[in-house]
């Protein structure tokens, strides 16, 4: 079936979508309408449903799967769907919600296997036990393997966080022969745990939102808390030098404090410096690719880089 | 007895000091000498001891109390003591190490009483219990009531941290009638705990140095860890909204993240904004006063403000 | 009568408003309409009046009181009124323009009494006389007691400036016992006069606009000019140290020069530093409250802090 | 004939325009329309053409001259033309494309004469030969004498770049008696060549767009390349000190590197410092004038200065 | 007679100097010495006088003229004079203090004539009268024609401020034909008065120091006060548009407020923008020249530009 | 033979050194001395030679090999050699200048082989030919394989630049499987050529100094010029897209323009972004290691990171 990313202006489009946002509005003339964000496997699109009926008001809501018939228009340089017909999907449609979610390129299961193999590479009993303990929690494991890395900037799709972690593990491993004086275990643990706080900062992989703790504490410190809880459970002393070094790498992974990107300390270990830049490479290359995919223009605006970049699509 | 802060250039000065730093050097001509930092109740002075003897090398070291006879000179615009005679203090001198340490204006005991009274003002059972639990630890209590607030910038003397906290408690309390919509308990708890991580970041109130965790984690996150440990012990849920709000106030107390002063999140609660500026007032007024005291010039350089300020001495 | 701040989307709303802005537009189809900003005691709302008649064009204008019947809609995430019927208020409506203006929480008269009492607390004959002289001018007094503190950021309502000043006076007074070395008279005078230049920078408390001098000179230096004029009238020497210190506090009250917020000098007196942060507390807490009041969402965007803050409404 | 800059809201306007941008859109109701940017000698205006016909779709395109009959409306504070009738110009209209382009105040021919005379003032054989060689290229000469200095900021009209250069030459020459120690030849050469790379960065003076090299290399380095090519052709050594000094002035003409405006080196010669500020004067005064011309309000927003400025119109 | 700027390391130097700074020190061995700054027409040099006698202590002081016999040494990359003999000058030496002061290139009298002629060019009665009134004050006139433009950065020599002003007047006048829409009178008045506040900010042209008002108010606002006083005396209304525009140009002459260089408002008039950059040119070219003159190295550090610049000496 | 990096304070040290800097000074008492910087394979040390003889003045100069007998002292926290005896090396000493230069860990020959192999990996005929052409120049090849990457920051030793390039080639190659959409040839070419301009910016690998072009043009643009010259020679069109992309990667390799580190354009291709961060990793890890090696303290100041880092020595 055709995907929304491929639709072009002026075309009639029929397809299934997951409702990601829904705002119930009143028009100037008093009539009611819906402002919607709809998603399928290829991406998202905003949509308008004019003159909503009582039946639509009661049946359509966020996280419902809907079948839509509409026309693709352009509004402020972005595609928008003018809905002519819409209904909630029924069992006979045989549409699985999973088939409507944008996901990482590699399957979540494969990524998870990769991650597990990397954990077994860790030779430090302390760091190995720490990570195993954190992943004992089904809730954390579930979140870690389904959430995007963020709402918008990079890896912003189902299991994007896991894909980001696994890519970083591969990158770091490839560079270990070049920088043999790096503490490999420390780098591997940082790759796996640097964003672990996102499992508390964001809720719901399908329609991710910031939690109360996410807004007030932020994923960096939420990650430190998860690490501390696991250390306690695993019987690792809070003064253990490997543990402190790992926390340092997590706390400094947004770069120098005075850049103002939210690191709590500036990197003072080579592993912290090394990881920060690897993370930047993966985040920015992924963001650039996401920008390409959504456009067919020669020069595409990248929200992460805040400038136009060359399309490589 | 005359204090070193009062000594003037060219004068002969005899007095007792605590040795705060000692560097054993070799001169160009091969002779050995000591580069010292000496302190008494009024402040510190650098000193030179030329041609050190074997006896001096074995007897004089950091944290020893010494009796010194020397001449006050000026080196790069700062007073320096050229030592003619020096010996380690003996019991007959009846010199107490406490009498050689710069301290807060109010006694540590009174400050501690003030702090205890303020704790009893807290009506939230959660926050009250949390603070009581933290202060159950003799080690934390000891550190909190003896450490300076920092090595140099402000309240950099014995019990300076405690004085800073108690002053903030008084300030906040005075302003509560003006801003009645503030959550008083939250502000009080923030005053008491905002720098609690310094009890792990700095070691030894007499000759304070950064610890390993201090350098790699920093006092803001070390404070969050102390709060979390106490919450666990006191049976407070990690998702408790008062606890999260308190942690938010601690994490944001260095101002907006993008200023690059090390906050992990920017303030999103009125208590966080309120506290940040109160803290600035107390830190900066204290720093200015410390700069005045050390000088008799009309315009004094303030290292904290990074400019000359008007002397009010 | 119901206030516009309480109105919700989709609801029909009838009420009286002050016309704060009016733009006469032509639609694509050639018909004429009004783009309006209407205000009542609870706040402001934008409104559209389609197909205006000749009668409406001649009767409705800025600062008129109108009776409106319309529907509340949402346009770009903000409430907007779609006007069905509108007419200019008549005497029989018994609607007082004062009842349609958002005002400080405390009455202008009470605030004025508070301010007068504080003036009498000043013991310095110089500063006391200076302030009395400034307030001798009916024009200045009128402006000082009716203007908002600004067009948008904080205390942006009738007599908001006066409320801001009186709150600062209360705050400062409460903190004097904590910081006894501050020159109280100097702080009190700064509280009263720091924004006195706004009486020349802004015109018309109902629909405040920047004046020619306001744009080209700015309220900080306009304030210095008012102070100088009064000093001349009161026979105070321009080299008087108290006068110079007061001007320093006014000139530095936007913080350090290199922050780029418009201070002409960086604070070099403790009173200047102290006042700057007190001013920040009052401005930001007030701005946060204004943002809460205008919203029922859990997280509200604060234009002054430039981020989402937690609603405390 | 009336020009579009003089048109006011609500008025019917008939005139000839050059089509500068054309977007073919689909409306929510499925009908097709054009979003246009039209220009005449006095400036540009956006326009809407609803319900486009097949004939219009095939005849109207970018760079066509059209005759339009429409109504002036206001959309988001800017004038917009609602087109009632439109057709492509025919020979009988006797409308020259040159008459529809905004141009420098002085004719391109006169500016070119001025430039040529200034070149003859250069006494350094090296710099004289270098410039002559660059201008031997018909392509460069053509671009240099027709392009705007930029797409939006300043001198953004036909031959604007040439006007900018000639003005700078006059300015510099006037100041030489004041700063006699400046190397005149070096300054003159810098005036002429500082933006020479724009002849490669921008394509098409009528509808200027960034080229591939423009985006990826930028006009500063493209200018260096043109200079180097000419030096090679003219037999000037790449280590010639005058040549290196000229390249330094070009590379530093956006101000100090750490300001982040794209200079490749910070100015280390008086000529570089001198030229940078002269360039700022000319760019900013021109930008301010362009902002005045487009508005009849007392205070006009200047995109270059990023603030409101006083109208001098 | 040889000047100190020409002296080279290792050479014996005999000459007359003005004592600009004198610090009375005690050496580690208890002996007393002087740390001096001596100046002649060509510049300044630091000097050491070891083992000062009682006679020297009583006779030598700041602002005295002395005859010195010493050896030129290098200390931390700067020339220093090791004094072998020194005495206070006597009438028979026939050394005039004026001959020992570094001065502007053109004589103070000629500069003053130039300034007076420019004042007569002003056609606005308001601005003409204003400037005449300011210069009626003998004290202001004296200061304006003798002070340096600053203690260190640029034009830091006797009558340097006047030279700076006159150069700016010539520059501006030369550019008027290029920018005919500028208000000439406004620019001329700004050239003359932009730094007029320095006559209150700095005291004593021979050994300039910041005054109390200079530190707390700064020269920009001190200048505004002088202008206001004169306007009052000359009967010019404080709301006069020319007066307000002039004050705007003075208040914004340090560039945009958010750059943090101390402007009280950002430029909103073309004259303000124009003047700011002209001022930058003159200040920086002069500073560069001062750096050249003091050195014979190929690359010289410029304190104003904060980088090495090419020597043009 | 013992190396200077291992010497400790107070020890007598005899060894051979290369003279890297020599300043001939006069002491306050008129005697002459040398301020020297001496280097051996392990690093550099400053040294003092008091009371130099005529024979020493004529025989000792920069780039000479000398035999020294002296005592290790500490001056301002750095080791310094007080020279008792010194003489120029003679053939019988059998000391090779190469044995006194700090070099890369891997031999220059091996690095060169690695580089040559990588060049053969390039499949693009354009980029392959371009690099071969550049390296045809013996002068460039010589400079590229002997120079440090810089005077101080990172890889600041003999052949440091080549080591840096080869390390980057290995890093990039290792990451290609992770980021398969990158243009490998473009990245390889960027690794090899990003700092090629340093072969013109720095002169003399033994005592590197900035050249005239280095100061005025900088290595980024000097590199572009070398690339352009080679392209011309190799018959590659200046509009060739691969060539333009390569130049883009070189021009943007210091990061975003607005960071102010001297990039001429901000990265708009994934290869540019990727390379910038790889370069950061290699530069910073090398700089950290250089800081460790020079110190035995637990926390070492890193000039590149501008903070203390943890010693890993």
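Going in written order, the chains are labelled A, B, C, D, E and F, and every chain counts its residues from 1.
The rule we apply is simple: a residue touches a chain if its C-beta (ideal position, glycine included) is under 8 Å from a C-beta of that chain, and two chains touch if they have at least 3 such contacts.
Note that this is a predicted model, so its numbers are computed, not measured.
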What is the shortest path, in steps, from chain C to chain F when you may only step between chains that touch?
2
Could you find the chain whose CA centre sits the greatest distance from that of chain B?
D
Copy pair chain C, chain E: interface residue numbering same or different (half cut)
same
Angle of the C-alpha superposing rotation, chain A to chain C, to the nearest 5 degrees
120
B-C or A-D, whichever has more C-beta pairs in contact
B-C
Between chain A and chain E, what distance separates the C-alpha centroids? Give it in angstrom.
60
Any idea how many Å lie between the Cα centroids of chain C and chain D?
43
How many angstrom lie between the CA centroids of chain D and chain E, rounded to a whole number?
41
For chain B, residues that touch 2 or more chains besides their own
215-216, 268-269, 299, 308, 310
All pairs of touching chains, each written as two labels joined by a dash:
A-B, A-C, A-D, A-F, B-C, B-E, B-F, C-D, C-E, D-E, D-F, E-F
What residues of chain B sit close enough to touch chain C in their complex?
167, 170-171, 174-175, 177-179, 181-182, 266-270, 273-274, 277-278, 280-281, 284-285, 288-289, 299, 305, 307-310, 312
The answer for chain A against chain D in the complex is residues 9-10, 48, 50, 71-74, 80, 82, 299, 308, 310
What residues of chain F sit close enough to touch chain D in their complex?
212-213, 215-218, 220-221, 224-225, 228, 232, 238-239, 241, 244-245, 247-248, 251, 256-262, 264-265, 268-269
Using the touch definition from the top, list the residues of chain A that touch chain C in their complex.
23, 25-30, 32, 215-216
